[in-house]
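I've put the structures underneath this note.
What follows is a pair of complexes built around subunit A, which joins subunit B in one and subunit C in the other.
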Partner chain A sequence: MSSIIISTDLLSVGQMIAERTAQALGYAHLGRQILSSVAEKHQVREDKLVAALDEDASFWGLASKNRDLYLAYIQAATLDQFLGDNVVCEGLAAHLYIRDVSHILMIRILSDPKVRANQIAAQQDIPPKRARQLLERQEKRRRRWSLRAFGLAEADPSLYDMVISLSQIEADKAVDILTDTVGYRKFQPMTYSRQCLQDKALASQVRATLVPRFPGVKVQSRDRIVVVQTRTFKRNKRQKAEAIKEIAQQIPGVEYVEVHSNKDFLRQGKDSTD
Partner chain B sequence: MAIITISRGSYSKGKEVAEKVAARLGYEVLSRDVLLEASDRFHIPEIKLVRAIHDAPSILDRFTHGQQAFVAYIQSALTQRVLKDNVVYHGLAGHLLLKGVAHVLKVRIIADLADRVASEMGRERVSEEEARTQIIKDDQERRKWTHSLYGVDPWDPSLYDLVIRIHKLMVDDAVDFICQAAGREQFKATAESQRRMQDLALACQVKAALADQYPDLAVSSEFGNVLIYTRTGDRQARRLDEKAKSLAREIKGINNVEIRAGVAVPPNAV
Partner chain C sequence: MSERLEVLILDDEPIVGKRLKPALAKIGCEVEVFEDPRAALAVIDGKDFDIVVTDIRMDEIDGMQVLEHVLKKSPRTKVIMITGYAMMALAREAMEKGAFDFISKPFKPDDLRRVIAKAAQALGSPIDFEAGAEGEA
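Entry: the complex of A and B
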């Protein structure tokens, strides 16, 4: 059975569509409720995890190093849930890190901008014009966040199989479209697509374990072989590679670890000027 | 009973989707016909209209407003054709040319660049590099065109009711979704939405009639009461008023015409 990832411009709309779709299909609804267990497992505050999903890193707020760390924890936990299949996921930015898995239906739901503006106007007791300006600013911030955190523009329709606007199409019809579409043959899991998902899940587990000590590592996995990319100085290269291997090899499912260190960029720069 | 506009890039299979939707629903399919009709009605060579709707305005166009006049002719021809409903239009900018009408289902069909390149290579017998360059150039022209005339990006998904990516979902799946959506109550013409469509067609007709002399004016209509918005001074406004009065006698459906000089243009004006 397949799974669905829902991305939305309004969290409450995504939750509502995901809940109704999960109920109609008998699937599990995967949302921000998992953040409490992630927080407990990694001994971090839940509100920091929420902030990492919603806010861009800033001097006064969340540091980019911490944002990447929290997102790595969330990514690992989310991918772990996907291994069980039959999941409808929203609110965990999964559309930005679970890419190229053929049996996952990717949908973006756009709420009615008037409804969003009215909601903001009512919440903050401001005139509609001001609410529309705030909405535009929020959209820009969100775009910046997705580009900086994952290198993708969240609103780009080519990231999804379908984009549905709720301005004219009502939520129930959107749920019908989702429940029908996920039954299509193209969204049925195959050995290869399952393997892709398992590889991503393992890579994200390894990354979540390494990131606290080695921020900025990139991890890929294929058939239990894990490749870790890191930046290092020449003098630390061997020690760092050994330390990474030692940690990664303890993670269940990892058979072999390869560490690729990027060139010593500082020395390279110095040499080129000599 | 609906009007369906299908926006598409080149080689995105949007034309195929449009033709299949029209065949399944028994609707009329429109694309180049609109240009031919505009060409006939306003005595403009078709090639000029094709360029106007395809190429981004040049610096000269921005001063002469020539392209705006051509777009006004095309919009007038399109709105006249869709008045009778049950139409699938897959030409450029249908979602913008028919804005503000509730029973218009706005769809965009997209496809991955690699798939589009492969289609162009197969059809035009060109190399991969040539095909890629041509498609990217086409996309850029269309984005520039829409941005310069309407101030929006045609790739912005919020302009549409449905965006369907032809990759995992096939042409027939897209046809299913569009036909289902078109059957919904929201996209059926009501007396109110039909009246809005008639007002839009009327406003477009007036604008097209004035476009060569006054390319930068805007026109709106409510129940056949036409308002013409202009930035010109009093003297020119008086001349425009005389011209508008004579138009009111020529164009069927106009109850009253008024000129509004120097006031803000409402969003429903064309």
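Entry: the complex of A and C
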């Protein structure tokens, strides 16, 4: 059956809609509860995984290399859950990396800005005007995060099949709309869409395995053939490709690995000046 | 319905029908192959097939038109779309118009046999899906 990905500007709202929708459909709710098992599997701190989903990399905060590593772990775990179908997912940034799978309904839920501003005002004990300013800053930070981490502006409505504003449509009605829409024929799984999902899941497993040793690798998969793109400089190109192949070929489901190396001009330049 | 599944394959690339016909015959299908959509539609007008497998991108008449034509004439027929230009929007359009399944090329004959077996099941005529893997279509 189909699945749903919910993106939102307020985590608690996305969680509430996802839980209610999952309950109405008899689907599994997939959210940040999986992060503890991801943390355990990869021996990292759960709060770091949460930070990777919420914060932009910075000099004094999360390094971009670590952010990419944590997001790769989360991505692989999330995609793995989607292979089982009947999932309503929120809070894991899946809308930014599970794209172009026809049986996944992509939804953006916009919370009421007044409710958000009031929430901030109450939490921080500040006047509403100041809360609205903070809200604007939060939105800018979030946009920067999604652009840097995945190259997409998550508030862009063209990324979604539907955008629902909770200042116009009540939460219960939004749940009804989602449960009804996901039943449309166009969102039913087919051989092609299942293949797309399996390809993405395998590519993300390979990437999550390679990223700790080879940061910046890009991985694509088609029907169990995996293509890895990496940046390297000429003299260790062969060793690096062999090392990548050796690791990737051990991952269950991988039949063949091809490694494409692009010249790392920046590091070559740096090396030549050292 | 006859005991053997009546299957029509339409693809303007001759190699596709040539490869798929024996692969489907192995699982008990009676297969007719066409490269020209007009000739295929003429035959469809005179006979109800259990399953139609059609390419999408073809000159003059495309697979979506074939899909609509088949289902208008025989709503019980399962139509399977195949294409080398698979995209999400196209896949959704095909499903919305009533396609049974959508497969992107290249695929292995086993992949199509699996879908045919699923379609046969949906038609109430289950077939024995047993055949060795072959090359790509």
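Keep in mind that, in the parts below, the second predicted complex is superposed on the first by the 264 of 274 C-alpha atoms of A that agree within 3 Å, B and C clash if a C-alpha of one lies under 4 Å from a C-alpha of the other, contacts with A are read in each partner's own complex, and residues count from 1 in each chain.
The rule we apply is simple: a contact is a pair of C-beta atoms (placed from the backbone, for glycine too) under 8 Å apart; a residue touches a chain by one contact, two chains touch by 3 or more.
Given the structure is predicted, the values throughout are model-derived calculations rather than measurements.
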item: Partner chain in contact with A:Q195 - subunit B first, subunit C second, else both or neither; value: second
item: Superposed model, subunit A: greater residue contact from subunit B or subunit C; value: B
item: Which of subunit B and subunit C A:F187 touches, first, second, both or neither; value: both
item: Partner chain in contact with A:Y70 - subunit B first, subunit C second, else both or neither; value: neither
item: First (subunit B), second (subunit C), both or neither touched by A:F82; value: neither
item: Which of subunit B and subunit C A:Y97 touches, first, second, both or neither; value: neither
item: First (subunit B), second (subunit C), both or neither touched by A:I164; value: first
item: First, second, both or neither for A:R108, with subunit B first and subunit C second; value: first
item: Those residues of subunit A which subunit B touches in one complex and subunit C touches in the other; value: 102, 184, 186-187
item: Residues of subunit A defined as touching subunit B within the complex; value: 102, 108, 110, 113, 155-158, 160-165, 167-170, 173, 177, 181, 184, 186-187
item: In the complex, subunit A residues that touch subunit C; value: 100-102, 184-188, 190-193, 195
item: Residue numbers on subunit B that touch subunit A, as the complex places them; value: 102, 105, 108, 110, 112, 155-158, 160-165, 167-170, 173, 177, 180-181, 184, 186-187
item: Partner subunit A, residues of subunit C touching it in the complex; value: 86-88, 91-93, 95-96, 98-99, 101-104, 111, 115
